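The structure appears below as structure tokens.
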Amino acid sequence: MTRTKKSRSAKVGLPPGSLVQVGEKLTDTFNIFLVYYDEESLQEMEIRKIAGCSTFLRKTGVTWIHVQGMPEIPVLEELGLHFGLHPLTLEDILNTDQRPKTEDYGDYLFIVLKMFYNAGSSREGLQSEQISILFGSNFVLSFEEKETDTFEAIRERLRSVNGRLRKSAADYLAHALVDAVVDHYFLILEHMGERIEQLEEELVTTPSAGFLNALQGLKKEMILLRKSLWPLREMITSLERSESPLISKSSMLYFRDIYDHTIHIIDTLETYRDMLSGILDIYLSSISNRMNEIMKVLTVIATLFMPLTFIAGIYGMNFKYMPELEWRWGYAMVWVFLLATAAGMLLYFRKRNWW
Amino acid sequence: MTRTKKSRSAKVGLPPGSLVQVGEKLTDTFNIFLVYYDEESLQEMEIRKIAGCSTFLRKTGVTWIHVQGMPEIPVLEELGLHFGLHPLTLEDILNTDQRPKTEDYGDYLFIVLKMFYNAGSSREGLQSEQISILFGSNFVLSFEEKETDTFEAIRERLRSVNGRLRKSAADYLAHALVDAVVDHYFLILEHMGERIEQLEEELVTTPSAGFLNALQGLKKEMILLRKSLWPLREMITSLERSESPLISKSSMLYFRDIYDHTIHIIDTLETYRDMLSGILDIYLSSISNRMNEIMKVLTVIATLFMPLTFIAGIYGMNFKYMPELEWRWGYAMVWVFLLATAAGMLLYFRKRNWW
Amino acid sequence: MTRTKKSRSAKVGLPPGSLVQVGEKLTDTFNIFLVYYDEESLQEMEIRKIAGCSTFLRKTGVTWIHVQGMPEIPVLEELGLHFGLHPLTLEDILNTDQRPKTEDYGDYLFIVLKMFYNAGSSREGLQSEQISILFGSNFVLSFEEKETDTFEAIRERLRSVNGRLRKSAADYLAHALVDAVVDHYFLILEHMGERIEQLEEELVTTPSAGFLNALQGLKKEMILLRKSLWPLREMITSLERSESPLISKSSMLYFRDIYDHTIHIIDTLETYRDMLSGILDIYLSSISNRMNEIMKVLTVIATLFMPLTFIAGIYGMNFKYMPELEWRWGYAMVWVFLLATAAGMLLYFRKRNWW
Amino acid sequence: MTRTKKSRSAKVGLPPGSLVQVGEKLTDTFNIFLVYYDEESLQEMEIRKIAGCSTFLRKTGVTWIHVQGMPEIPVLEELGLHFGLHPLTLEDILNTDQRPKTEDYGDYLFIVLKMFYNAGSSREGLQSEQISILFGSNFVLSFEEKETDTFEAIRERLRSVNGRLRKSAADYLAHALVDAVVDHYFLILEHMGERIEQLEEELVTTPSAGFLNALQGLKKEMILLRKSLWPLREMITSLERSESPLISKSSMLYFRDIYDHTIHIIDTLETYRDMLSGILDIYLSSISNRMNEIMKVLTVIATLFMPLTFIAGIYGMNFKYMPELEWRWGYAMVWVFLLATAAGMLLYFRKRNWW
Amino acid sequence: MTRTKKSRSAKVGLPPGSLVQVGEKLTDTFNIFLVYYDEESLQEMEIRKIAGCSTFLRKTGVTWIHVQGMPEIPVLEELGLHFGLHPLTLEDILNTDQRPKTEDYGDYLFIVLKMFYNAGSSREGLQSEQISILFGSNFVLSFEEKETDTFEAIRERLRSVNGRLRKSAADYLAHALVDAVVDHYFLILEHMGERIEQLEEELVTTPSAGFLNALQGLKKEMILLRKSLWPLREMITSLERSESPLISKSSMLYFRDIYDHTIHIIDTLETYRDMLSGILDIYLSSISNRMNEIMKVLTVIATLFMPLTFIAGIYGMNFKYMPELEWRWGYAMVWVFLLATAAGMLLYFRKRNWW
């Protein structure tokens, strides 16, 4: 799998609606899955040509086309023709460097989301892919950058005849897709919560050398996550405000439920952020504290031995006439004097609470 | 009592409205209390089957069903059937990891709250449980995670014939339940206030080793409390905005009173937060100040004795031709020189205000 | 005078509207003053029984009842009966731990304010008392926690026949009372401004040991004041929005004037806050700067004398074969070497700007 | 010129609308200039009595009365009578401690502004005076605290027959006055910008002792300026919102232009603020960096010479039996050992990048 | 090319609408390009006289006049006459020190933008020029400060007969111009992102001496960019709100697309800002950490050798009666004692984790 990141600058100067893939290309292949369902029947197939799906569109049930990987531009254009998509929509699907948003094009609603997941190794950290969801009165189109099985659980639910999904319209399926993506954020948050707890424990014992880097890494992931969450919140608010006839009143209740989840996720993230900044404060304070401890030891030692060494130096002088040197108890007296000096200083330090 | 925490991730992939208990399960047993009252009569009983309560619902008085502990899912489903509850409501009752909110389902209003209390030992810190309150025109359902007696005082008030509660409708009872929960926040705040005062006093004397941890612990509790308070505020605002016919105008006056309390609590918490950050600032400054003091002592001692020791070292040299050593008053002169040097330096330090 | 503080927690579990005094009880006695005035006449008296004032209420002029100190609960209940006050109002009057607010009960408007004053000694700092003002179409009730003479100036103005007050309705008297309280904030601000200037001057010379505590004390008072000011602002906004018929259009102009004062006070306080945080920044920087100075002295001294002492130590060794010791000019050469080393080092320090 | 500052507290207890001068009194004298103009004629005169201007008011042109310095209270009252001014307006003109605001009194609009200018010496810093502007359908009143010539340029423009001013109504003149004041802010900003650049340059070389004070002084001026700018912005917004018939649609276009200038000024000030805080960050970091440098020097010196001095001390001991002392090459071997030790340590420091 | 910066203060006192060039004058020459197009034909020419373009204005197609460099004032006035521009518009075009804004003058919409680009050398950093765009029903005027080819790509697109541009009205061309400018911001952001990554890498290894300056430079550029971005956002919002008949509904869709880009750019910039502040935090922490390391080394060395040197000093004293000196194993015993002391201290340091 070759990964080539096309930066947005590649499009500078091109007219809007130009179909140029922007953002890291995560995979070269792509697959198209079609699911048609109504209350009685369910059909699943992998298709190669978009043309084939028009027969389904004429039926009363819901046609769900799911594109995994980045589709080739002709395929995308064909899709655009069949479902009457605006050029700006097609452009946004190809550009995986979008911020989450909802757009109401009258005939269909267009939703862009970010799906986050933790990479296998902790070094790579938080990864994300873009998921685009479009739905009209009887169809849902979904685009996923990578070949993961995010929506497998929903296909499973569709297969059971009695599920609410089978009895509902396209808007409810779209809700289910969005819900599946938002639910994944809880996994990310739990993982973050565990790492914060780990940092807090480390703080109480002895922070390792990698402490600061771990903290900074966590902070960076939060910044990334946050960048996606605020537009996600706006997105659902604007869905509600749009009052599009494409969303029934009962489905709107479920979208409101997603909104609640989003707020909950944002709140938790803000809480984590406050905790992290608290941890950094404590870490910095404890560095200062330890510095103080070290300096106290140095000062005590220097203050203790410098005067003593000076006295010893005095009686190491070679003057011819130094009366003390001749005294019988001179040496003993010096020791007494030295010990008394040391004891006095230790008392002084004790009084200043340095010991 | 076994405590098992089911994280939210357990629900990823499930359809919304799936009844799976999420959050720490605080207790295994559960009890259901039914209170029926109108202006003349009051009936209290513990029930096992929900079916029995339908006779009360047909009467004109208020039926209050209080569930203590986490109910088994079949019991909850039965409740849902009898009172016509939406699947999302049932899901939210089971999920104790909610943020406070109000939802207007037309036939009933659904309120989720957090009840905070201080654990017995200070190590465990702030604990919380979720309280869900539902009320329609003639019934109130309340769910409490733990087997505590939060609402005992309200039952007591119901027993007195002349109380306002007995004469009022379900909305006033719901208000009383919410009020009881919000009033508990004042207890938490008072406890926090005392601990902040303690920290302030410690700051003036000598901060102990645990100072930073106590401060950080307090900060963390505030973050937690705050996370609940802001949605609480929104909750009551949205109650007012909803203009639900379920809340009478006179009851709304009482809900507005709760709103005032909430604002008061939030203000106090913000004040505490500002105080804590002030305490941290002062603490950090005083560490720097003490460091300065320590360094001054070290510098004074080193500056005093290093030159003196050097001079003593000079006359400890064994050169054959050192004229001073032979002088009669050499030793005395060195002492005079040493003392003069020391006195000069002390004067210099005094002038620089280091002494 | 005994002071007993009843905390809010004493009311947990009680129904709303319960008359329990909450907050520090500042005085045990209370006095009730009645002033009746219209354009022609003015009557002032101290009353003991509320019943007596109903004759005044039937007249066309304004009846102002001012209660100084915390009234006994029966007296308050009697007031409530005579003036038709809501139980929640009575509860709020007793609870002196309120945040400023306005409430429109239809027949009367209810205003809660905080009056700040500086205690005599600077140790006690900022003190506050609660002032509650109620006014209907022809009466004003005011409650003041302490036995101070906040409103004496207004009584004085009432006594002059030609004053605007005598010619105006109850709403203008209420405005005058609120204005008197808000005007006191300017006194508090001026006092703060002087203390900030003092701190700034101290910063330029040598900050005393109490510097940090003075700064922290000032900060704390600001937090307290701010906590009262924001709701005060909202309070007056909501007065304007209420469009109560109790406030005439011309009086509203005067209330808007109070609003301007409030904004001015808040702006000044914010300015002071920014100044204080600037002072703290400079203080911390100057601590770091002084530390640098101290360390430079230490380093210069150590770097100067350590090598010199080492050289002296070398020639203090007792080896049998040390050729230098026998040289005729050995001692002099050592001195030359020592002085050259010292001079070299001093030049180096000068070059690094440490001197 | 005597300067006496009357603080706002002097007015505590007085009824609103009391004419007491508040704020620093900058000058004792005052002058009144009258300009009358219409498309054909222009009359300029200095007047002493307000009564004389009523003849002009009856004409169709615009009468502009400009009061320089603080007018005596009787003069102000006379003005109030002639132009029908509200007592609160007169009070606000006298009180030079106002925040910028606009008030719509129906017959006239009242605008309060702050004019900033740099005092001659840099020590005194930013100075300000209050400018009050009132305009009705055919008159403009302006009050300026000091005897400066802020509006001389406008008088000049009035004198040219073809200027837009001469052909326009009172609202356009008022706009011109406000515009002249706001334009002065650009001068202040340019001066600030230069000082910030100066600080930045100093930061790169060696910050002088006065660096922190200069930075703090700049910060303080910004706080002061900001305090005036935000209400200035609101002021113009409220002018637009007021939809007063006194401002014609084409003049409103010019007021919107002032609004744009105000926003531009605020943006620039915010940018400066961010820059200043960046400068402080860098300054603090560089202090820490220099401290590190100093400590490295100290540590290297101490680590180098302490072991060497110790070794020299060993062979300075006077034990009878010290075999090394007798060795032929003992002294030389010690030197070899000393140099090897020193070289080893220097290598170690080099490896740790301390050198 | 002479560059002369005229500061805004040059205009203080002048009436609004005065045509004085303000801001750095980047070039002395100027060129005027005229493009006329409709669905069938396209005409491009460089013109010298504005008068010539009136023939095109009478046609049904779109006339686009692009002025490169700062036009002479007579030329500008002629333009103003031909296209009916307001004096304030002409003033704003000359003043290149504007903040981005949109103004609706009824007959035309006026847009001011900032175009950012990186100067060739990294020393000069971020540069900007002002671009003004005006469009009416059948004309577009654009002004660019410098002689760059920002809009060359758009001219290219115009030349292709089938492009959307050729078939659209003036509003779509205006959109294309704005879009071209906004797209350039992505280039700037990418460049910034690379420099932030570089700083992060440097942080992990050893930050060079220029680290702080690079960080500060980046911060300053961000402040500048941000100052332009927020008004850009407002600008497009106000375009949408204006509901000007000059923008067709389908073009508004494209303007909304630009709005999305702007939000995306702002979000990214905020993310970068958070990252930078995180980098500064880590940098400061790591300075403190390194300081601790240095101090530990110093303390260990001093604590180790000071007592040892003292002991050596003791036996270097010249007292006549020092029994130890005479002992056979005295010297050996001292060595044993010294080594034991050193070992004990090292063990102590190891226990305190200093080693």
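Side notes on the structure shown:
Just so it is clear, A, B, C, D and E label the chains in written order, and each chain counts residues from 1 on its own.
Rule of thumb we're sticking to: contacts are C-beta pairs under 8 Å (C-beta built on N, C-alpha and C of every residue); 3 or more make two chains touch, one makes a residue touch a chain.
A quick note: this is a predicted structure, and the numbers were derived from the prediction, not measured.
Considering the contact criterion stated above, the chains in touch with chain A and with chain D alike are E.
Between chain D and chain E, the least number of touch steps comes to 1. At the interface between chain C and chain D, two copies of one sequence, fewer than half of the residue numbers in use appear on both sides, so the contact is built from largely different positions. Chain A and chain B have Cα centroids separated by 26 Å. Separation between the centroids of chain C and chain E, computed from CA atoms only, is 42 Å.
Chain contacts: chain B has residues 288, 291, 295, 298, 302, 306, 309, 313, 316-318, 322 touching two or more partner chains. With chains as nodes and touching pairs as edges, the resulting graph is a single ring in which every chain has exactly two contacts. Chain contact summary for the complex, chain B toward chain A: residues 7-9, 11-17, 86, 88, 98-99, 101, 206, 212-213, 216, 219-220, 223-224, 227, 231, 280, 283-284, 287-288, 290-291, 294-295, 297-298, 301-302, 304-306, 308-309, 312-313, 315-318, 322, 324-331, 334. Put simply, chain A touches chain B in their complex at residues 153, 157, 163-165, 176, 179-180, 183-184, 186-187, 190, 204, 253-254, 257, 260, 263-264, 267-268, 270-271, 274-275, 278-279, 281-282, 284-286, 288-289, 291-292, 295-296, 298-299, 302-303, 306-307, 309-310, 313-314, 316-322, 353-354.
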